[in-house]
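Note that chain A is present in both complexes that follow, paired respectively with chain B and with chain C.
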Partner chain A sequence: MAKALDTKDAREAKPPRGSADSSNNSGDSIAAMLDANGVLTAEAERAANISDEELRTLYRLMVVSRRLDQEGLNLQRQGELGLWGPYAGHEAAQVGAAMAMAPTDWIFPYYRDFAMAVCRGIDPGAIMTIFRGLTHGAWNPNEYRFAPFIIPVGTQVPHAVGFALGCKLDHDDTAVLVGFGEGATSTGDWHEAMNFAAVFNVPLVFLCENNQWAISVPMRQQVSGRIADRAAGYGFPGVRVDGTDVLTVYAVVRAAADRARRGEGPYLVEALTYRTQAHTTSDDPTRYRTEADVEPWKSKDPIRRCAERLQARNAFDDAFAQAVSEEAEQRALAMRQHLLSAQTPHPASAFDLVFANPPESLLREKAEFIEALEPERGE
Partner chain B sequence: MSQFLLPDLGEGLEEAQLVQWLVQVGESVTLNQPLCQVETAKALVDIPSPFAGTVEKLHAAPGDTIEVGKPLITIAEAGATAASASATSASANEDGHGPVLVGYGTEGPAQTFTRRRRTSSATSSATPPQASAAATDALSAPPSPAHGGGAGGGGASASPLVRKMAQERGIDLTTIKGTGPGGRIRVEDLELALKAATSALPSSAHGDSRRALTEGEASHRLAEEAEKRSEGAGGGGLAPDEERISTVGLRKAIAARMMKAATTIPHFTEYSLFDASALVALRERLRGSSGFGEQKLTYLPFFVRALVEAVRAYPVMNSRWDEEGNAIVIKHSIHVGIATDTARGLLVPVIRDAHTLTLAQIAAEANRLITLAREGKIEAKSLTGSTITITNVGAAGPVDTGAPLINPPEACVVGFGALKPRPTVVGESVQVRPGAWISISCDHRIVDGATAAQFMGALVQHLEQPEGLA
Partner chain C sequence: MAKTMETTTGATNVSTVTMGKALNLALHDALQNDSRVLIFGEDVGKLGGVFRVTDGLQDEFGAERVFDTPLAEATIAATALGLAMKGFRPVAEMQFDAFSYPSFQQVTSNIAKYHTRTGGACNMQLVIRIPYGGNIGAIEQHSESPETYYIHTAGLKVVTPSTPADAYALLTAAIADPDPVIFLEPKSRYWMRQEIALPMPPAALDKARIAREGSDATVIAYGPTVQTALAAAEQAAAEGTSLEVIDLRSLSPLDMETISASVRKTRRAVVVHEAPVFMGLGAEIAARVMHDLFDVLAAPVERIGNATIPYPPARVEKLFLPDADRILEAVDRTREY
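Showing the complex of A and B:
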């Protein structure tokens, strides 16, 4: 902590941020990558030097993710999952941002960031067991550098700030990405995290997946003005990007992560998209919005937009599309099989997950619990 | 062959209503192919098939209510397809219990951990031999089971409620086969056993009784049996001359709403007849005029306009009672609900901000909403948020007037009866003039009779001198 305070003191000697000449800070070089619609300019695209193969990988991951999302919905409708939160419409934001981070970087997801987990190589069938109620976390975060899904809104944001501060104190070049929805920006946790991130100048990219609906609450009832602009209030830059364009998200988050690694501090990326499906399978969106509200966003489908970009580069053909689609089918089936063959844990395993060295009283409770669960004699 | 049981499609839902089948018996289906549409209390949902194979049986018809965990469809699975993995998990065994519900599931036989039952001899010994009192009087004693082991049946698995009911009715639970999870005896099982006992009663009464039935006792017995039959109907059994209509969805919602209106709002109703001569003439003149063109022009838009004007004069009629704050909340926007009869039942589409609309705009909006409601295409948001409601009691039949129920949480509902020629006193003579009855029901917590009467006066005045409405 002393080190961090030193750093802060050192920075206080510099001119304060957010003043009129803040255009000098490197945040604006990221803003300069974008046109008025928040889309990567042709010039910035050339400078970013993203290969056709990279873009094809992003496309492939988005198509696979979309198919897995559909299978999640199917499995819930078939009684195999307790709940499913569809992420259709988020593919560009999630895949673009997750793939922009280096493999050694860390990601702190929110509960809808399924595609990010897929990008990190976590078995989708294993992730699914969470939504079947079989486990609290299906992967070792250290192994994948991917923190657990967080269900309470916004609590992962301060976790990520603390973790990023640790990375900074360790003097390694790890950057951290934290995902959240626009609804999370209404929580106190988020504001505290934004403030601390700036004060301690941590290597963190805030990714707001703004899908414009916090369950049934529309964006206009959550935020006055733009979420991206809020970063300035804490003393660091932010930008709103077209969250349906994977190339833009990829390039911008990569630039923000590089910036963080150079020690230039946090950056806020607001990826504007739309939640085309229900909030979860327990939600009926027709009660608060109409088909007409959703329609304009269907033409901004992230997968279609990526296909168009590939076509413009002459890097897209039917054989490629077919192969990707087949891969998506196979992975959906594999996910289903993994999920349905997953073992139900012993109920008493709930006693094992809090204490490394459980106290005597807890062990006694566990023994009583197991005894109470024993099958009746003679049955 | 695999049965697919209806899963919990939301969080903690107990039933769903089948809207339509998308497949038929004999049809081959693929994994995830949509099978049917069901409506839950939360949403209209497509159910994808968990198996690939051939449809063997559909277990419900459109309109049926299906309990969560009960069979929906039986599919003969196609060979050893990749989908068969799912079959083992979602399919039911013979008993109809399977681990189909994740998190909220019915307890299936596959479950390894069943709670150990408390075989408490204490329960049965502590049970008073309550049946003995009844046994002295064959009239009120159900047949033999009561004479067997202790009433209540300590060994059987049942909830405290069921045990108490069994004791009260002198039924030995060990003689009942439970259909609940792990053979647990449910209230329904007890009722079924009770019904069987009741129907067996007449012969046993004759055999065991040491005295003849008096006439009064016999009729009392008959009435009791009839009552039990009707209770049985609620639990699933039906008399031959009865028909059961399930009430999921809209009917259930109407039932709950009207129960709330009738039991939580202190209503009073006032009536008045108005002379519609001028209104009829105005409507004739406006019909086909430039503002309305081809559009259908009924009296409804005039009623809405008159209501808006009367509310402007008496804003308290456009309010609701705040239960928590014990306060009256007056709404400055007037959103008029139009009670509309549809094939699905009563719907109340809402003309929003009626106070900002012209007669022609109201006519257009009302036509649009009513058409959508009748076609079943209206959006949920067009059915909420009304602040005052109109019901056309004369629209469906030769009804002059009625005492309408308030649409909670509103303060007032206005009913318009059939508009037709009526004997009307004009000066000293009686003339035949068009007229209609208006009835208004108010929440007496908010409005007193005098205010309602003044509001009625304003309504009548605007309808009798309607020039300002156009």
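Showing the complex of A and C:
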């Protein structure tokens, strides 16, 4: 089982009385699923009845996601991507949460939620075209029930509130998940969204992927107290969970989504993890942290922890590990091939997406643009 | 407008209404005709809005379709985005012009770009209503003209009515349009009365109208300044000068055909708005007219608007607002050039 979270930040952030990991919700049955370290208790694990096959699926998706992340870094280093934002360390939070939602549920991601997109079946090579500078939108949200990545930090959170309000008005038994980092919890939009969600009692699960770094600013300079505790101030429950344990995230988010679908309102899950890589390939973490800061988190690697859980269930062997590894290699190769074969769109296509019902003036502007462009292009 | 009319659907309903009431009727009819239309904002429910534009709508359509929100404009706009994704037709109200600024990031970075960002998959069929403009003796932040901020953002349509009839027809069109529309309501004209006949077809969202025909100079106005321009034209006529008045109705896109056709005829143009002259819509119009009609113009395009100052205190605001005299002086400058 997992050890206590052991970084300085995590120690500082511990609640005064230490044990219960709920945020002021004595009657919260989800908080009761967790031990003092925010890990699913053995009893809660039995009650959650998560099959070996489910856990193996989570493991597989995490390994694939890790490999795709590495390939993203490779592609950026090779000059094929303008930018890459690594998510290593987030696999348990992203895969656990995304897979906990029903296929009919909706997910509103933040820009680092690549593994969530993979879980939703979006082609990774297509997603990568965003970071290659080919497009601003690589998938149809309605097809995957997966909203676009949003770059301005925290602004996607109230979008999810609006959508969840629509689900409630439509009585259509849909829950919504919204992802964000701990830095987003400093924005006004996040606080407004928390308040609206509570006031309108919408079916929404807030997932904070607290990786303890907002580029160079550490958690202790971002948040005083614990993010999970903030939910209580808005009138709904929240828990901090061990965000490196996929089983815990999966069980807790699933319970929170079920609760939301029952009409019991929003729920905040703070998944504590660590950003082991740079913020993006444009970042240089050596300017603000040391290897010694990162080291303790390497023992909490989400993939290794999931493998340990599977081993404890006698559901992990070399053949399985090998098959997963091969799948990850194949998918990384396919992603690379898809990306490198993606065509640069005709520049004038930028005019086509501005409006559903474009005014004549824009169509004329497009025609003028093409006219100015074509001689140079030799067309 | 005719007192009685027959349409294929039966007798029309003719009445004299204020602009506020015309907007209220447009919202009412939208709620009635489309079950996906929702109205929300601060105080729009029981109170009926601080200008009573949503008066009675919650009573008639219920608190699930017409509802108050917490006091947070960014999330009012963001909620509209989320609801539009879910297939609703949200009509959100910002209580006053300057109070729309907290929502600016949501409007410019998300709502305006969402159609592009989703490869055209997600329409942002939503309307954000904003009362704007001064001349109501109000305290700070209640009299601003923020149109340039919105016009300058690609992906938004920005319209403003100047009459009760247009208020109804433009708002109806804005709600039916698949794209996000910033709907600017000239608050000093909320009480302007006009006879309107319903049902009324929706107006085009990208067409100006000739509010008065003339031949000596073109006065280009929108929203609150159209009536001012018409008053100036009336005065000018008494002095033997014939002014054409254009009511832009749509600020983005801009109906340059109507503007150009008029200025080609009159060879003189004056643009009038309450917003500061500096980088106001008049700057774009002047540049376009200069470019397109350089050989036709008899004089440089004149612009009338506010000084480059924060909106002034109410007791002195009239000195900064466009009035008939300032318009006529500008017309004189174009004629004496």
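Rule of thumb we're sticking to: the second predicted complex is superposed on the first by the 347 of 379 C-alpha atoms of A that agree within 3 Å, B and C clash if a C-alpha of one lies under 4 Å from a C-alpha of the other, contacts with A are read in each partner's own complex, and residues count from 1 in each chain.
Following the convention adopted for this analysis, contacts are C-beta pairs under 8 Å (C-beta built on N, C-alpha and C of every residue); 3 or more make two chains touch, one makes a residue touch a chain.
All values derive from a computational prediction rather than experimental measurement.
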Once chain A of both complexes is superposed, is A:166 in touch with chain B (first), chain C (second), both, or neither? second
Applying the touch criterion given at the start, work out whether A:326 contacts chain B, chain C, both or neither, answering first, second, both or neither. neither
Of the partners chain B and chain C, which touch A:368 in the superposed model: first, second, both, neither? neither
One more residue to check, A:52. First (chain B), second (chain C), both or neither? neither
Using the touch definition from the top, say if A:284 reaches chain B (first), chain C (second), both or neither. first
Which of the two partners, first being chain B and second being chain C, lies in contact with A:132: first, second, both, or neither? first
Touched partner set for A:356, first chain B, second chain C, both or neither: second
Which chain makes contact with more of the residues of chain A, chain B or else chain C? C
Touching residues of chain A toward chain B in the complex: what are they? 71, 74, 76-83, 132-133, 278, 281-284, 286-290, 333, 336-337, 340-341, 346-347, 371-376, 379
Residue positions on chain C within touch of chain A in the complex are 38, 64, 69-70, 72, 74-75, 78-88, 90, 102, 105-106, 109-110, 113-123, 125, 154-155, 157, 177-179, 205-206, 253-254, 256
State the interface residues of chain B toward chain A in the complex, per the touch definition above. 4-11, 32, 42-50, 82, 85-86, 88-90, 100-104, 112-117, 379-381
As the complex stands, chain A meets chain C at residues 135-143, 147-148, 150-152, 155, 158-167, 169-170, 188-189, 192-193, 195-196, 199, 350, 352-357, 359-362
